[in-house]
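Since the structure comes first, as C-alpha cells, the remarks are kept for the end.
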Amino acid sequence: MRVGIIGATGYGGAELLRLLHQHPHVEEVVLYTSSKEGMNIQDSYPHVSTIYHQTLQSIDHTSLKQEVDTVFLATPPGVSAEWSRKIAEAGCQVIDLSGDLRLEDPAVYEKWYKREAAPLDLIKEAVYGLPEWNRKEIETANIISNPGCYPTATLLGLAPLVKNKLIETDSIIVDAKSGTSGAGRSPSAITHFSEMNENFKIYQINQHKHIPEIEQNLQKWDKEIPNITFQPHLVPMVRGIMATIYAKANQELTEKALRDIYEQSYENERFVRIRPEGAYPATKEVYGSNYCDIGVTFDERTGRITVVSVIDNVVKGASGQAIQNYNIMNGFEESTGLTLVPMYP
Amino acid sequence: MRVGIIGATGYGGAELLRLLHQHPHVEEVVLYTSSKEGMNIQDSYPHVSTIYHQTLQSIDHTSLKQEVDTVFLATPPGVSAEWSRKIAEAGCQVIDLSGDLRLEDPAVYEKWYKREAAPLDLIKEAVYGLPEWNRKEIETANIISNPGCYPTATLLGLAPLVKNKLIETDSIIVDAKSGTSGAGRSPSAITHFSEMNENFKIYQINQHKHIPEIEQNLQKWDKEIPNITFQPHLVPMVRGIMATIYAKANQELTEKALRDIYEQSYENERFVRIRPEGAYPATKEVYGSNYCDIGVTFDERTGRITVVSVIDNVVKGASGQAIQNYNIMNGFEESTGLTLVPMYP
Amino acid sequence: MRVGIIGATGYGGAELLRLLHQHPHVEEVVLYTSSKEGMNIQDSYPHVSTIYHQTLQSIDHTSLKQEVDTVFLATPPGVSAEWSRKIAEAGCQVIDLSGDLRLEDPAVYEKWYKREAAPLDLIKEAVYGLPEWNRKEIETANIISNPGCYPTATLLGLAPLVKNKLIETDSIIVDAKSGTSGAGRSPSAITHFSEMNENFKIYQINQHKHIPEIEQNLQKWDKEIPNITFQPHLVPMVRGIMATIYAKANQELTEKALRDIYEQSYENERFVRIRPEGAYPATKEVYGSNYCDIGVTFDERTGRITVVSVIDNVVKGASGQAIQNYNIMNGFEESTGLTLVPMYP
Amino acid sequence: MRVGIIGATGYGGAELLRLLHQHPHVEEVVLYTSSKEGMNIQDSYPHVSTIYHQTLQSIDHTSLKQEVDTVFLATPPGVSAEWSRKIAEAGCQVIDLSGDLRLEDPAVYEKWYKREAAPLDLIKEAVYGLPEWNRKEIETANIISNPGCYPTATLLGLAPLVKNKLIETDSIIVDAKSGTSGAGRSPSAITHFSEMNENFKIYQINQHKHIPEIEQNLQKWDKEIPNITFQPHLVPMVRGIMATIYAKANQELTEKALRDIYEQSYENERFVRIRPEGAYPATKEVYGSNYCDIGVTFDERTGRITVVSVIDNVVKGASGQAIQNYNIMNGFEESTGLTLVPMYP
C-alpha cells in the first residue's frame, strides 16, 4: 500500500511519519504540499534524517490514484473541504484530521469555526472515525472525518455513562487539560516557552470548537443530552490530554457496579484500558501510544461520578487514531503499526 | 518586632524567610527546630547565603517570650496542636500554617486527617485567617489558623456567588490544579522529576483534606450548601494553583451583572484582582506574589458560571497570607512586606 | 527621582517594573514607546494590574528632562544609538540594556552584529556597567552600557583568574547555558514550547554576539588573552544562566588557595557569593535576585580549573544590574531596591 | 528466543520492556527479581497494562537455561559481579547494563566506585558493547558490558578525532548535560521536581564514575591521551544527553575536511547520523530512538574543534544499545527491534 500525507511539516504529519514507519503494509509514503514544493522533509524535521528522504511535491489529482491509495489530510481548518472532494473523486481513500467534516450541521460549523462550511453532501459522505463506537461504518467508509483530540478523550470517557443512561442528562461538566502540541507548530504568544513554562492557563472559555463535536456525538447516543459545559486548559508539557469528567448519577450506584460497566463496555477494545479500583491514569502512562486509559469513581457524599480519561493527543487524539481508521477501512488488523508501548518515563 | 519560625527548612519556611526580609517591622528572625539543632540555615538553603546566618535552635517555652513576639508554625500535620498551646501560653502570637486547627469539628478532622484532633478549646481559640472575609476576628486573634492553599483559591472564588445566593447550592464542582511545591520538600515517587515532568496527574480523588475545610467555610456563609465535589491535580510546574469552579446559576444573569458583583465584593481588597470581561488569569500572573486573580463568566448555553481563581500556593496559599494575618494582628498596614510585583516571565 | 523606560513591553522592561516598584527613591515611572502609543501596560502585562496604570506614550526629547531624570533603554539592537544620544543631550542619564554601545571598536560591532555601529564618540562616552570591576567609572558616568547576560556571568567568573594571572592565557573555554527568557518575548520556532520543552539545544555556535564583549573586557585585564571559545546552549527553563568555565592553571595550585583568591576578590561585593569547598551553585539559587553565585575547583588529575558561575539573566544579567548602575550613578546605596531574596523553590 | 530481565522496575528495565515488545525474535520475556517476588509488573508500571502480565519471580540458576537464552541485568552497581557469573555459568548470555564490568583495572574501579571490584577473570571475559567501534568482539561475546550513557555520547563524538590523531592529546574537555532519567527511579532531593524544575545544576564535579570509562577507551585508541576533563550537568528534562566536546586541532583544518572525516567514520553506521554543515543536533531529535546525532565545527579564530553529540540516554545510552548488542551476539540484523523513529515533538 502507498499512502500520501498533506501537511507533513506539521505535528500531525510528523506523527504520521513516525507511526507509518512501523506499519508493515505501508510500502511507500508520498508527501504532498501546496506551498513548500521542493523542500526535503529532513530540512523541516532533522529527526527523520536517514529515515525519510522525500521531497515535498505538489498534488496532481489526475495522477493521484497512480501514486497512492490513501491520503491523510493533516492540514489546518479550511482546506480539506476542497481537497477531500478531489482526492475522493480521484479514487483514493481520504482520512481528514482537520475538523472540517466533523459537524453535520453546516450552521453549527459556521457558528463555531467562523468560516464557511464544507458542502453538505461531502459532510454526509464522511464517517466519524471513532472506532470504538463507530467501527461498522468505518469499515465501508471512503472518507473519514478523524475525531478531535478533546472529543476522543471525552467521548470514550462518557460513552458508558450516556449509553447506559446512568446520569442526569444536564449534569455533564468536562474540565480538560492539554499539552501544547495540540496548538500546532506555528509559534504564538500563548505557546512561547517563556510564557508557557511554569504556567497553567485556561483558554477559549465556553468557545472551543470541540464543544459542538462532543455534543453532536453524545446526542446521537442519547438525544436527551443538552448542551454541556467544557473548559480547556493548557498544561506546561508537550503531549497528553486529561479530561476530568463530572456527572450526577441518576440512581444508586456502587463503585464496583460502575467499574463493571466500564469494563464490559470496553472488554473487546484493544486501545481502551480501565484502571482497577482506586487507580487513575496519568497522561504519561499513554505517552507516545494509541491508548485511552480511564479511571472512574463514584462519590457517595455527593452522588457524583468522576471519570478520568487520558490520551496522547498526537496519537489517539490524531495520527494514531487516523491509522487505526486506515486499518479498519482496509481490512487490516486494527492495531497494525500501533503496537507501541507507551514511553515511560 | 521579633519573629520565630518553626519548620524553616521546609518550603513554607523558606518563603517566610524570603518575605520577612522585605518586612520593615521585623528586625529579627529566630529559627526553631525540634530535630535539626545546630544546623545553619545556609546548609539547608544555599540561596539565603550571606542574607541569613542563623543556626537552628531548640525551642524553650520558658524563655520564648524574651526572644520573639510571634511564632510561625510551618510544620507538618500533627505537631502544632501541642506547640501552639505552649507558644500561646508563653505569651506569643501563633500563626499556624498547618491544617491542625482549621476544622472546628474534631470528628471531621479525625475522619479526613486520620489522626487525633487538637483539643477542642485550642481549636475554638484559633481564628481562621482568610483576611478578605474574616478580618475583624483576625484583628483581635492570638492564634491564627492559616488557610490551606486550595481553600484560599476556592473560597475567594466562590464567596461572591455563595454570599449573594446566586447559585444552586448543590451544583458546586471545583477542579483544582497545583504545582508540586504544595507537596512539600520531602522527595517522593509522585514528585520525582522523571515521573512528574511531561505528566499531568489527578490525586487523592474525593479524599483531599481540604474538602471539609472548604465546606465548613461555605456553610458558614450559606448553611444550605451541601457537600461539594473537589478534585485536585498536579501540574508539571513548581508554583501556582488554579481552581476552575463550576456552578449552576439559580436566576437569569448577565455577564456584566456577574462581574459587577465580583468587583464590588473585592473593591477594597488589595490582594484580589478581578479580570476585565473576556480575560482570565494564568497562574504565572501571580507568581511570587500575594495576589489572588479571578476571572468569571456566565454561559447562556448552559446556565453555568465558571470562575477561574489563581494564586501562588506558597504565597497567598501559605506564607504570604500568614504575613498578611501577622500584619492585621499587629495593626500594621495589611500589605506591609507584601508589595512584591509578580515575577514575569 | 523619576525614571523612564523605553521598551516596557519586553522582558527587560517587565523586570524593571518589578524591581523599580521596590525602589524607595523612585517616585514615578514613565513608559515611552515608539510604536505602541496609547496602550495601557496592563493590556500587555496583566500581572501588573492594579500596580501600574501607565499608558505608553511617545517620547519628546524637548520636554524629556521635565518628565524624568534617567531613562532605561530596554530595546532591541539597533535603536539605542540614535536614542541614547538624544536622551543624553536632553540632560537625562541613559542606561542602555542593548548591546549597541558595548563594543569599543565599531568594526568589531559590525562584524558580529551585522549592522552599522553607533558613532564612535557616543561609544566612547558610554561606560561599561559591570560594577564589581568598573565602579569608579560608573560613579561619574552619564551613559551606561549595561553588560550582556553571558558576559556578566562569564566575566565575574573569570576575573580572579585573569587578574591574578593564574591560567594559561589561551586555555579559556566557556560552556554557557541559558533559560529562554534571554531570547526575548517575540515568539519564534526555536522557543516554541513544543520544540523547547524536553529539549536541550546548542545555538549560534562560534558566532554569539557576546563573544567579542567578553574578549574585549578580558583583554583589558590582561592583554595577553587571545580569542576564547564560547558556546551557548538553551535550557528548557525560563530564567537562569550557568557559565561553566574551563582553564588550565599555569602554576601549582591548591583548592584552598584558589578559593581564597575568589573570596578575597569579592569580599566587599554584596552581589557576588562564593560557595564553600565542595559546593557549587545551581541557577535556582539566584532566581529572581541580583546575585552572581560562584563555585570553583582545581583538578589535580588534569591541572584544570573549573569555575561555575550562575546568575538570573533577567536580573543580574539585565535589569537588576541596570538598577545597580543607576544606584551608583546617583549616589544611592548600591543595593537599594535590590535586596530581594532569591525565590526558592 | 526468550530473554530475562533483572531489574525490570527501574527505568532501564522499563525501556527494555518497551523495546523488546517491538522485537520480532523475542517471543518471551521473563522478569526476575531478588526482592519483589510476586509483584505484577503492572503494579509498578501501569503504562504496560494489558501488554505485559508478568509477575516478578526469583531467579534459580539451576533452571535458568530452561527458561531464557539471554539475561539483561538492569541493576544498580554492585550486584552484577555475582549474578553475571552465575548466569554465564548457567549457559545464558549476559548483557550487563550496570558499570560493574566496564573498567579493566580493579583498582580504578575501586577508586571511582568506592566499592569492591568484580573478579578480574569476569571483567576480562566481558566485552565492552560499543558496537560502532567494537563490533567484531561483540559478535562472539558471551558477556557484554554495556557502555554508560555519557561514555556512549562522548566516545562516539570523539572517536574520529582521536583515531585520526587530529587533536592535541591533552586538550579534551567534555561538558555533558543529561536529563534526570539517568539518575534512576529512586526519589532523591536532587531530582525532586520542586528542586529540579526551572533549575540547572552541575554535579559530581571531577568525580563522575564515567570519567575512567571514557579515558580507558580513548587510551585504547591512542595511548597518548592523558586524563580528560569531564563535567556533568542536570537539565530539567527527563530524557536526553548532549555532550559538548572541545579539543584543539593539532593541524590546519577546514570545516569541510573535518565533516568528511566524520561522515567517512560512520558511513556504514545505521545509528550514527552526522548533521550537514552549519547544523547541530538537539536532544529531542533522537528522543525515544537509538540514534546518536553528531554535529561538528572548526573555529579558525581559536583553532578549536567543537563536537556536539546527542543521544537518548535511556535508549542508545542504555537499553537500546543493549538490544543492539543482543542482536549482534545472536546474528540478527543489528537494528532489529530498534527501527523506531524519534518521537517529535
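A, B, C and D label the chains in the order they appear, each numbered from 1.
Convention: contacts are C-beta pairs under 8 Å (C-beta built on N, C-alpha and C of every residue); 3 or more make two chains touch, one makes a residue touch a chain.
The chain list, named the UniProt way, goes like this: A, B, C, D = N-acetyl-gamma-glutamyl-phosphate reductase.
Treat the numbers as computed from the prediction; the structure is a model and nothing was measured.
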Chain pair, A-D or C-D, that carries the greater number of C-beta contacts: C-D
B-D, A-C or A-D - pair sharing over half of the B-C contact pairs: A-D
Chain B and chain D, separation of their C-alpha mean positions in angstrom: 46
Chain centre separation (chain C, chain D; CA means) in Å: 39
Centroid spacing, where centroids are CA-atom means, of chain A and chain D in whole angstrom: 36
Contacts with 2+ other chains: residues of chain D: 11, 179, 181, 185, 194-195, 197-198, 236-239, 284, 287, 345
Residue ranges of chain C in contact with chain D within the complex: 173, 175, 177, 179, 194-195, 197-202, 205-206, 226-229, 231, 233, 235-240, 242, 244, 246, 280, 282-284, 287, 295, 297, 299, 301-302, 304, 306, 308, 310, 345
Complex interface listing, chain C residues touching chain A: 11, 179-181, 183, 185, 187-189, 191-198, 236-238
Chain D residues within the chain A interface of the complex: 11, 14, 17-18, 21-22, 45-51, 181, 185, 197-198, 238-239, 270, 273, 275, 279, 281, 284-289, 293, 339-345
